[in-house]
Amino acid sequence: MKGTKVVRLQEEVKVNDPIFLVGLPGVGHVGKLVAEHLIEELDAEKIIEIYSHHFPPQVLVDENSEIHVVNNEIYVCSTGKSDIVILVGDHQSSTGEGHYELCDLYLDIAEEFGAQRIYTLGGFPTGQLTYSEEVLGAVNNPELTDELKKAGVVFKENEPGGGIVGASGLILGLSKFRNIDAACLMGLTSGYLVDPKSAQSLLKVICSIFDIEIDEGPLEERAKEMEKIVARLKEVEQQQQGIPEAIRDEDLRYIG
Amino acid sequence: MKGTKVVRLQEEVKVNDPIFLVGLPGVGHVGKLVAEHLIEELDAEKIIEIYSHHFPPQVLVDENSEIHVVNNEIYVCSTGKSDIVILVGDHQSSTGEGHYELCDLYLDIAEEFGAQRIYTLGGFPTGQLTYSEEVLGAVNNPELTDELKKAGVVFKENEPGGGIVGASGLILGLSKFRNIDAACLMGLTSGYLVDPKSAQSLLKVICSIFDIEIDEGPLEERAKEMEKIVARLKEVEQQQQGIPEAIRDEDLRYIG
Amino acid sequence: MKGTKVVRLQEEVKVNDPIFLVGLPGVGHVGKLVAEHLIEELDAEKIIEIYSHHFPPQVLVDENSEIHVVNNEIYVCSTGKSDIVILVGDHQSSTGEGHYELCDLYLDIAEEFGAQRIYTLGGFPTGQLTYSEEVLGAVNNPELTDELKKAGVVFKENEPGGGIVGASGLILGLSKFRNIDAACLMGLTSGYLVDPKSAQSLLKVICSIFDIEIDEGPLEERAKEMEKIVARLKEVEQQQQGIPEAIRDEDLRYIG
Amino acid sequence: MKGTKVVRLQEEVKVNDPIFLVGLPGVGHVGKLVAEHLIEELDAEKIIEIYSHHFPPQVLVDENSEIHVVNNEIYVCSTGKSDIVILVGDHQSSTGEGHYELCDLYLDIAEEFGAQRIYTLGGFPTGQLTYSEEVLGAVNNPELTDELKKAGVVFKENEPGGGIVGASGLILGLSKFRNIDAACLMGLTSGYLVDPKSAQSLLKVICSIFDIEIDEGPLEERAKEMEKIVARLKEVEQQQQGIPEAIRDEDLRYIG
């Protein structure tokens, strides 16, 4: 397969001025957890599969030992207030060039569906195991901030300080060239572990924006399991107070 | 040489609805060992050489000090039951993009020959020096599993957990788009050493599938040599019981 | 976005035989500091934005939480003596191939504006925290050296010994093919820290070349802050006299 | 500059059925030292410069502080017996793909000049500081070995065991597709240091092949300087006999 292959699973898809949500793997997998949870709870329907030589040369194996080539997928669903198009996936692009190319492809699809707004979902790494409910925002149009503050999003000057790397940021940036308003919503998370608790905080913001209610049950359960792991890690951390912080961080980075 | 060069050594190749076998270098070189053994024992004939800028810029030197550019090669042979087309090679692609491109080329050739089924052969790393006879399977069509179980292949939910990386997996995945049934058969192996013993286990499965008998002699000999090395490694391992496992693993990784 | 996107912010730009200045991020960010300072002090006007898949897939966030995709930008301004076109940016190319492609693009723009001379600004790493006022030069035409020596630039045989890596060097080299005279001016700097003091030395040379006066105030302030950090580092260095130099260097490399 | 740029310095070049010699940077810089020595002693004339985005984005600085973009160059000269075309350069390709593309370009040029034979010159790393006069050979046509043995070249089954990586090997391999006989001649060298002494051994073989005499003076001088460094290294090595070999090797790898 050369280049990128877009497989459309339905001949005609009807959506009206949808919101485009992006939840790809990344820091703490916060965005991916929220997007997958929404797909589950809102009974979203898969309409597109995207394969690309910019993804790793890898297949994943399911419970029936059946494989699929790693890909990104697009789902649609309706809430009372508006239609939603959701982009999720196994991987982000392996190359810088691929990021630019694929993000443009995602925006082509967003435009095709007439998306009026884009939200990219992600995590913001704090480097600390202490939990925070905060959801940090960045926008491609400052007029969006007031509305988002009402939904609980926090904005801070020049934050994240290192910018946003990967699809969550780039989709935001490239939307500007197409005059589509877009915001990146980031749940605060340690950066060391998959973080369903941070995903819950981000989900609350999404529910507020879309004015919907979503059962947090499954996320809640995963969050509880993860809390136990974090508790054990904190114990270890206390016992290692003599050890320089850099080394302790190093330990955590490889978990989860 | 720009791109990829396919050198055909014969004007016309006659094969009937063959099975396509893939044994490229990988974990424990299990797939490559089996494929090369089959070529030897079944007197297979080389029909195609594939050169590509996606392979390393390297030549190998033979017993007459003659070199050849690293490549992949395709052989054909007949068994009583069916014709076989075998893909072997010195290297897999060095780049992710190359993997996608070359796997598609391999499937073009498989289709050209009218391949009705594909088996990719590989190794599954256990991280342990203890030997297991198991051959793990993954498929691109769940209907294949019953037939393969009869030949001794084991299937486990979501295994391998990290998916399958490289040509063995990708050929499986891309075959799906061409409606060719394909399975990946993986001999369990430590992952640290070239493993002719695991290759013997995988060969037994292949013989059962094709209903043929193959002399295991040469693999047996190499397996015995390797067993001696493994025995020495285990001794070292016992002497190092005080040393954390991670470090001992590190030692083994660089052998063979 | 495939490839590179040049966004022109003005329909017509009037400049007469300008000098083309390049100050991209690099060793000690010396070139970037000088170029940005000139843009500020000379009230230069932004006329072009350059986006490229050769830059990292990243957005930066400003004080209003508004993002922009990392880019390079071109400004113009006038001094009494001559017009100046200034290239600055967030990043250099992430790939070797991208460096060649983008540097050629920059020279296309330089030629379009009729640039008669190019100066690329950078830092030369000494590996030592001791401050030096020296500005080292390299040229693509030996006839330039006399003129530059008068402005305070120092030339040394075969220096820098390892050549010049990145846009500062490559623009110099590729200008040769277009018969545009070009020089690289490098402020000496430790190589471990952002160095506004070295930027001041380089600014003095630029002022002499263009026969202009520029307020060094803001650079001066940043230099003073940095001097405090350097002083602390030197203290640490003295306390570590027993530790091999290689390790001490290692420590410093990660600061700033 | 996109792609590769071939700059021809002369309109018409007259050479008759020349031998094509390749001496690019590599193990111990043995091939490069010999090729540059031949260019100097045989008063060879530069006829072509090759620039490419596959080389590093770098310029080198000469004794007049004048820069040139890193490149490969082609020289021609005549000996009594035959004309010689020599390829030398600052760097080999930075990418695998570039190696394939550039080696094909070199062979296009070799064919254009009607080259009847190609010798690529290189070093073969022994991993030991003990000096050996041996010059190892590999060929793309076994008929060449007898002739080369008479000139002092040694051939060993399957050596080098890891094949030959880079342009020296690939040019050999790709020549086969064009029916040009080619051999790689490798001076044995530690692999840790630039090795003018090994270059002298290789030069002797070259002189024998071409039936010419070349003053070894400059190589001899550099070899003597290097011998002093090696002597010091051996002293250090003896003092470190308690230290595992792997670590001692590590030390040497970073010298020269």
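Note that the chains take the letters A, B, C and D in the order they are written out, and that residue 1 is the start of every chain.
Please note the rule applied: a contact is a pair of C-beta atoms (placed from the backbone, for glycine too) under 8 Å apart; a residue touches a chain by one contact, two chains touch by 3 or more.
By chain, UniProt protein names: A, B, C, D = Proteasome assembly chaperone family protein.
All of these numbers come straight from a predicted model, not from anything done at the bench.
If you take chain B and chain D together, no chain is in touch with both. Shared contact partners of chain A and chain C: not a single chain qualifies. Taking each chain's centre as the mean of its CA atoms, C is the chain most distant from chain B. Interface note: chain C and chain D, two copies of one sequence, contact each other through mostly non-matching residue numbers (shared numbers fall below half of all numbers used). A straight line joining the Cα centres of chain B and chain C is 52 Å long. The distance from the centre of chain A to the centre of chain B, each centre being the mean of the chain's C-alpha atoms, comes to 37 Å. Across the assembly, chain C contributes no residue in contact with two or more other chains. The touch graph of these protein chains is a ring, one cycle where each chain has exactly two neighbours.
By the definition given earlier, chain contacts exist for A-B, A-C, B-D, C-D. Only residues 1-2, 5, 53-70, 94-95 of chain A touch chain B when the two sit together in their complex.
For chain A in complex with chain C, the touching residues are 93, 96-97, 99-101, 103-104, 137-142, 145, 155-161, 163-167, 169-170, 172-174, 176-177, 184.
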